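Next up, some structures in C-alpha cells.
After this come two complexes, each holding chain A, first together with chain B and then together with chain C.
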Partner chain A sequence: MKRHLFSLLLILLLLLAGCQSREVNNTTSVLGLGVDWKSNQIETSVQMTKPIPPEQSGQQTPFVTVSTRGATLSEAARKIFLSIPRQTIWAHSSTLFLGEKLVQRDLGLIMDLLTRNVEVRKSSLVFITQGFSTKEIMQSQTPLEAYSCLGIRDLLQAQEKQVGIYVPMKLGEFIYRLSTPGIDPLVPQVTLEKQGDKIIPTLKGSAAFRGRKMVGSLNEDETRGYRWIQPQTIQGGIFIIPSPIDPQKKVTLELIRSRSKTRATVVDQKIKIQIEIQAEGNFYEQNSTGAVLTPENIKIMEELASREISRQCNASIARAQSLGSDIFGWGRQVEATFPETWMQVTSQWNEVFSEVEADVQVKFSIRRTYLTDRSFVFR
Partner chain B sequence: MRYLQNKKNNLPANNTEEIISHPLETDIEANQAKLEALLEHCSDAVFREFVIGKQPPIRCLLLYFDGLVQRKMLDDNIIKSLLLDVQMTDNPKSEFEQGDLLTAVEQNIINVAELKRIATLQEVIRHISSGDTVLLIDGCSQALVAGTRGWESRSINTPENELVIYGPKEGFIENLRSNTALIRRRLKSSNFKIESMVIGKITQTDVVLCYIDNIAPPQLVDEVRKRLQMIDIDAVLDSNYIQELIMEHKSTIFSQAEQTEKPDRAAAHLLEGRICILVDGSPMALVLPVTFPRYWISPEDYYIHYIPASLFRIGRFLAFLVALTLPSVYVAVISYHQEMVPTALYLTIAASRQGIPFPSFVEALLLELTFEMLREAGLRLPRAVGPAVSIVGALIIGDAAVRAGLVSTPMVVVVAFTGIASFVTPSYNAGIIVRTARFAFLAAAALLGFLGIMIVFIIMLIRMASLSSFGMPYLSPIAPLNTRELTDVILRRPWFKMRERPYQEGMKNQVRQNIAGKE
Partner chain C sequence: MKKINAFQLYCMLLVMIMPVNFLIIPKVLTSYLGNNAWLAIITSLVPGTLIIYIYYSIIKKSLQPFPLLLEEHLGRIPGKTLGFIYVFFFILTSSFTLRIFVEFIESNVLPGTPISIFIGVMLITAFTGIKSGLVSMARMAELITYVGVPFTFLMMALTLTHNPDFGNLKPFAYMSYKAFADALAFATMPLLNMLPVLTLFHYFQRENSFKPMFQVLLSYIVLVGLITISTVVALGGQNSSLFTFPAFVAIRLVSIGDFIQNIDIVFIGIWIMGIFGVLSIWWFMACYTIQQVFNLHDYRFLAAPTALIIGVTSILLSPNILELNLLAKGVLPAVYYFFLLFIPLVVFVITLFKAPVQHQPEYPGSENPVSTAE
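Up next, the complex of A and B:
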C-alpha cells in the first residue's frame, strides 16, 4: 500500500512538470520580432504564420505582421495578444529586427527583456533597419521565400558563401559584445529597395555600436574589411582587383578560405595591433582577354589581391576608429596579453582605441583556375 | 416426469464412468456389451463382428472409429488375413490349441507393423480414439491394438505466416507425426529426443517434448517436463494452451516462448540448446526459452550472405523503434516540442493541420485504431472480398478522411509508415507486443510529451529486465550484457566465425564448430 502511494505521488509529481500541451491548431508560430521607436513609444512588430491549408496556398501571403505600441517592450508585446485569437509559439522565431531610431536613441530600453525572456531565442539573427521602420521591413515581401523574416535571414546566410560581405550576428553574441568591455557589435543592416515594380528587402551596410547606442554605419567595402579581420576562418566570397596586364580592366578572384591573426603589442606605453591575414583563392574571371595566367602575372595578381585586402581592412579600421567603436575586439586582445596596460586604459578605451596603430599584413595565394588554365582568345 | 427422465439419462452416464475402469473379460459378449454401452450414440464407432476357424468358430470383434483409420490397411492386412489365412491353415483349432490363440494371431496372422496388447476398456477407448484398431477375440482377456492411424489432413505446405525468400519452405501441419518427422529429417542423430506425453482429459492430446540430449541443459529439460506433467486441463487444442500454462510470468504481454511454423527454425533452436514442444493438432511449434532481442532474428538471415543479413537485422531493429514510437514522437513534437523540427517542416505540418477538429492525440488514436481494425478485418475477410475491402479501407482512411478534413495528411503518413514498420518484425508474438505497447506510448506522449515517452520506455525496460524465460533473463544478451553473443543478435555472425552456441546455464556442449588453428 505504501509503495503504491509512493508511486502515485511520483506520477503526480511528474504531472507538475512545466510542459504544457499546445495544439498546433490553436497556435501560431512567431517567425520574427521587431522593435522600433515611434512617437516616443516602443513599437513592437511580430510576424506570425497564417497557416493556410495546402490547397489554398499561393493565393495569399502566409503571414501577418502585427504592430503595437507601449511604454515598455512587454507592454507593447502584450497588446498584440488582444487582437490575436491564438497562442503563440516562439520556438521558431529566428530573427530580431531593431529599428534604427531605437538603437540610435538607447538600447537600454529593451536589452533587459531581450536578455531575460525565455521566449526570445538567443540564436536569432539580429538586423538593424536602415531608413525604414521595422514594421515596414517586416511587412515587405521577399522574392522566392514566402515569409519575409525567413527570407531576410536566408539572404544573409546565402550572401556569405556567394559574395562575402556581411557577418551574421546572433543575439547571444550581440548581448555578449554589448556587455563586455573591449568589444563592440557590428550588425548587418537591412533596407528596402525598388527592383522593377517590386520593393524588396536588401542588405545594406552594417551598424556599429558604442556603449548603449548605434554610432554609425560601415559601408559595403568597410564591412568586407571587418570580415577579413574576423578571428574565425572565413570561407567564400568574391572580390575585384585591377588586371595585371591592363589597369583599366578588372580581374575577379574568389576566396576559398582566409585566416587572420590579431596580436597586440605594447611599445613605450603605446598599444599596437598587428593583423596577419593568410588567404587563398581561385582565379574566377577577367572582363577582358589576354594572357593573365602566366606565372609572373599570377605573382602580380597575388600581390594586387593582398593590397586590395589590406586596403579594405584599413578602410574598415579607419571607419571604426573614427566612430570609436571597437568592433574588432582589440580591447579583449589587449586584456588577454597585457592585463596591466588594460587596467590603465579600460575607462577611456574608446578614445584610446581611436588612436591605436594597426598594421595589416596580407598574404594571398591563387590556387586554382577552374575549367581552363588559359585565357579566352578570339581567333 | 422430467425428473424421471433426467434420472434415466443420468444412469448410463454414471455407469460408463464405472465401466471404463473395468479390465477386459474373457467373454467377448460381456466385453461387447460394455463397449456398446460406452460408445452409445457414437455413430462413427464401427463394430465388425466375424468368426475365424470352423471347429469351433471363434468369435472376433474389430473396433475402430470410421475416418481415423486407413481403410485399405484394415481390409488387406487385418480382416483379409484373419478371414482367409486362418481358413487356409489345415487345422486351425489344433494349431491354436498348441499355444495361446492371441499369440498366434499376433505373431502369425496380422501383418501390421505396429501391434501391441492391451487389457483394459480405458485403453481400448483411448486407442480407437487415436485411430488405432482394436481386435477382441473370444476367450482372451487381452485385446490386440493395430496401428492403423490415417486420416485426412493438410499436406505439408509453405507456412502461411512465416514467409521467406531463401531457405526451406516446408511448414508444420496439424499432424504431430509429420511434424516430428520434419524435424527428425533435419536432425539425424540418436541424441535428438522426442519425449511423448498425453495432456488433456477429454482431448487426450499427444504432446511431445523435443530436445537434443547432449546440448540442451538437463535441468531445463527436467523443468519443462515437470511443468508439462503438472498440467491438468480438460482440453489442449493448440500449442498456445501449453505456452500460457507453463510460463513463469503469466500476467504480462511479453511472451516468453516463440511460436514457429517452420521446422528449420525449430531445428536451429534445438541446435542452440533450446527446447521445442509440439502439440498434436497445432501447426505451431513452441520454442523456449526465448529472449526479447531474439524475436528480431529471422531464419532467413542464416541462409543469405552475412553482410546483407547484418544490415537487414539493423534495419529490423530500427523498424522496431519506429513501429513502437513514431506516432507518439509525432504527437509529442507537435503538441509539446515544436522547436524540435526544422522551421520549414514545422510550417508544413502546421498548415496541413488547419481546421482539423481533433487534437493530435485523438487523431492519432483514431487512425491507429482504424488501422488495427483494418488489419483484423483483413484476417477474417473471405478471400474474394479481401482486396475490395482493403481498397475501400485505404481510400477511406488515406484520402476521403483527409479531404473531409477529419485527419491531417502527415498523420496518415505517420500511421501508415508505423503500420509498415510493424510488419517487419519476423515473429508474430513480438509484433503483438509492439502493437500493444504503442498505445501506451501514445497516451504518455499526449500527457507529457517526450518526458512521457521516456517514462513509458523506462517502465517497459524495467518490466522486461525483471522477466525471465525458464531462467533466461528476458533481455539477454543485452542485459546482462554478453558482447560476444550480441554480434549474432544485432548483427549476423558469419558461419566461419560461429564457434560457440549461445550461452545457456548448464549447457552441455557449447562448441558448434572447431575452427582450424583455434582451440
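Up next, the complex of A and C:
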C-alpha cells in the first residue's frame, strides 16, 4: 500500500510545475532598469534580452529597451507589458539607472517602490545619468559587451581596479544612506561621449545627494578623494605625482591597498573630524629619464604621494561641504561616538557639516617597482 | 516509555523557538532599540534562565504531563477548564505560525499565488507529521537542527560579506530604559515557546531536562543574537526596522564574486522546514491537550478537524500584514505571557510547597504520543 502511495506521489510530482510556471520561450530577462522624469511623468526604461536566431547573431543588437511613462513608478513599469508580449524575469537585473532630472526633483517619487518591490534586487548597482536620459544611456552600445547595461556595470567594476576613481553604490547601500540620518549617498554618474564615429557610455563624475535630492556633482579628482576617505579597504587604481627630480615630469604610482580611519572629536562644542589614511603602492611609471629610483627619492615620492592623496581628500571634503552633502557619513560618526552632541545638531546637521573642520593625515609607502629596480637608461 | 533522548528534546525545543523568531526578532528589536537590538537578546539570558527554572521546577514536582499537571496542582475543575482554554491558545499559536509563513512566502517568494495553496500544503505536511507520532516529530526536529543551525551560521557569515559596517553597532547602549524593557520583554517571549517541554518531559528523563533547555537558551542567544548583529551591520539599525523581514533582506544582499548570489532561495527552503517543525509541535500540543482534557483514547484523529480550524483561523487573524504586525507586537505578547508564563508561574508557586515526585512513566495515555506507525 505504502509503495503504491509513494509511486502515486512521484507521478503527481511530475505535474507540479509550480504556481508561477512559465515557458522559457515566453520569457525575457531584464538586464537593467532606468527611471527618469519626462513631461511631468515618471519614465521607466527596461533593457531586456532579445532572442536572436544563430544565423542572425551579430547583425542586430541582442537587446531591446522599452520605455513607458506613468504617474507613478509602478504604473510606468507595468505599462511595459502593453508592448512586450513576454513575461519578464528580474533575477538577472543588475543595474539601476536614475535620471538626473528625476533625482534633482525628488527621490521620494520612486524610493518607496524600489525599497518595497521584491523584484528589484538590492544588490543592483546604481548609476545617475548626466546630460542624457536613462533611455538614451540604456539604448547605447558599449564596446566589447553586447548588452549596454552589463557593459556599464562591468565598466564600473573594471575601473576600480585599473583607475581607481569611482566607488560602486549598490541599491541596498543607497537605501541605507537615504534612510539613515548623518550620511548621504554619492553615486557614480554615466554619460555618453563621442569616440571616433561611435557614441559610447562612459563614467563621468559622481552625484552627491542631500536628503531626497541630488544637489551637485563631484569631479574625478574629488571622487578620488572620496574613495580614499571611505572607511573600507580599497585596492587598485593609479595616481600621478610630480617627479622628484624634475617637477615638470610625472611619476605614476599604483595603489596596492589603502585603509582610512575617521574619528570624530568634540572640543568646546565644536565637532572636528580626523582622518588617517594608511596606503601602500608600487612605483608604476616615470615619463622621464633620470635615476628616480633611489632610496632618497623613494622617501620624497612617498611624501609627494601623501600630499597628493591629502589634496584629493581635501578637494572632496571642500566640495561636499559646499554642497552640504555628508557623503562621508560624518554625522553617523558623531552619532556613534557622541550621541548627546548628535541629538543637539541632528536637525541642522547639513549646515553644521559644512562648517566641520577636517584634518587629513596620510601615510603612503612605496613597496615594489615591478620588473626593473632602476629607471630606464637610453644608450 | 523514554523514547525521546536529550538531543531530540533539545532539537524540538530549538525548532519551537528559532524559525519564526529568526525573521521577526530583528525587525521588532531594531524598531525598539535600533543598533542596540542585540543587547536585548543577550540580556534575555537572565529572564530566560528564570523561565527555564520555572518549567524545570514544575517538571520536578509533577507526576503527569501538561495539561494534566494543571489538574494535579490546581484541582480538577480549574485544571480542566484551563486545559480547555489552552486548546484555543495552541490553535492560536499554530494559526499564527501558519500565517507568518504565508505572509512571508506571499510577500517575498511567490507573490500572487493563492494563500489557500500555502495553507493547504503546510497543513497536509504537518498533519502527516502529527499522524506519524511524537518520535517521528523528534527525528524530524533533529534533521531540521542538523541543517538549520550550520546554515544560520553560514548565512550570518555571508551577510557580513556585503559591505559590513561595524560602526552601525554604535553608539553602544544609547537607548531609553522603556525601549530596552519593551525590547527585552519581546526578546524573552520566544523562550516561552519551550512550554511543550511540560508535556515532552513525560517521554524523557526529567532529571536531565534542565540541561537541554539551557542549551536551547544559549543557542537562541547565539543564533538570533548573531543574526541580529549581522543584519544591523549589513543594513544599519534604522534601515533594518524599515523592512518587514530585515534578516531576509540582508540575506538577499549576499553576493560573492558575482557568482554566488540570489541564494535566498536556499534559505527559504530550509526555513520552510523549520516552520513545518514549529507548526507540527504547536498543533500536536493542541491535539494532545484536547485528548487529555476530554479523556480520549488517542489524539491523532483530532489532527483532521483541527486542521480546518487552524487553516481558517490563520486567515481570520488579520486582514493584512500591517494588522498582523500590530498583533504580533501589541496583542500576542500579552497573550503569550499570560499562557506561557503567568499560568506556569502560578503552578510553580503552588509546587513550591510540594515535594519532588518520582517519575511515573506508565501514566495512562502516555503510550499514544510516542508510539509510531511502523
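Operating definition for what follows: the second predicted complex is superposed on the first by the 357 of 379 C-alpha atoms of A that agree within 3 Å, B and C clash if a C-alpha of one lies under 4 Å from a C-alpha of the other, contacts with A are read in each partner's own complex, and residues count from 1 in each chain.
Note that in this section a residue touches a chain if its C-beta (ideal position, glycine included) is under 8 Å from a C-beta of that chain, and two chains touch if they have at least 3 such contacts.
Small disclaimer: the values here were computed from a predicted structure and weren't measured.
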**OP:** Classify the contacts of A:Ala207 with the two partner chains as first (chain B alone), second (chain C alone), both, or neither.
**Re:** neither
Original post:
Just chain B (first), just chain C (second), both, or neither: which does A:Leu155 touch?
Top reply: neither
**OP:** Answer with first, second, both or neither: which of chain B and chain C does A:Asn25 touch in the superposed model?
**Re:** first
Original post:
After lining up the shared chain so the two structures overlap, which partner does A:Gln333 touch, if you call chain B first and chain C second: first, second, both or neither?
Top reply: second
**OP:** In the overlay, answer first, second, both or neither for which of chain B and chain C A:Ala91 touches.
**Re:** both
Original post:
Is A:Thr49 touching the first partner chain B, the second partner chain C, both, or neither of them?
Top reply: first
Original post:
Looking at the overlay, what does A:Pro181 touch: chain B (first), chain C (second), both, or neither?
Top reply: second
Original post:
On chain A, what residues does chain B touch that chain C touches as well?
Top reply: 19-20, 91
Original post:
Which residues of chain C touch chain A in their complex?
Top reply: 107-108, 110-114, 117, 162-163, 165, 167, 170-171, 174, 234-236, 238-239, 242-243, 249, 252-255, 261-262
Original post:
Where on chain A is chain C touching in the complex?
Top reply: 19-20, 91, 115, 118, 121-123, 170, 172-173, 175-176, 179-181, 231-232, 332-333, 335-337, 339
Original post:
Any idea which chain B residues touch chain A in the complex?
Top reply: 334-336, 338-339, 343, 346-347, 349-356, 359-360, 409, 446-449, 451, 455
**OP:** Sort out for me which residues of chain A touch chain B in the complex.
**Re:** 14-15, 17, 19-25, 27, 29, 31, 49, 51-54, 57, 62, 89, 91-92, 94, 147, 150
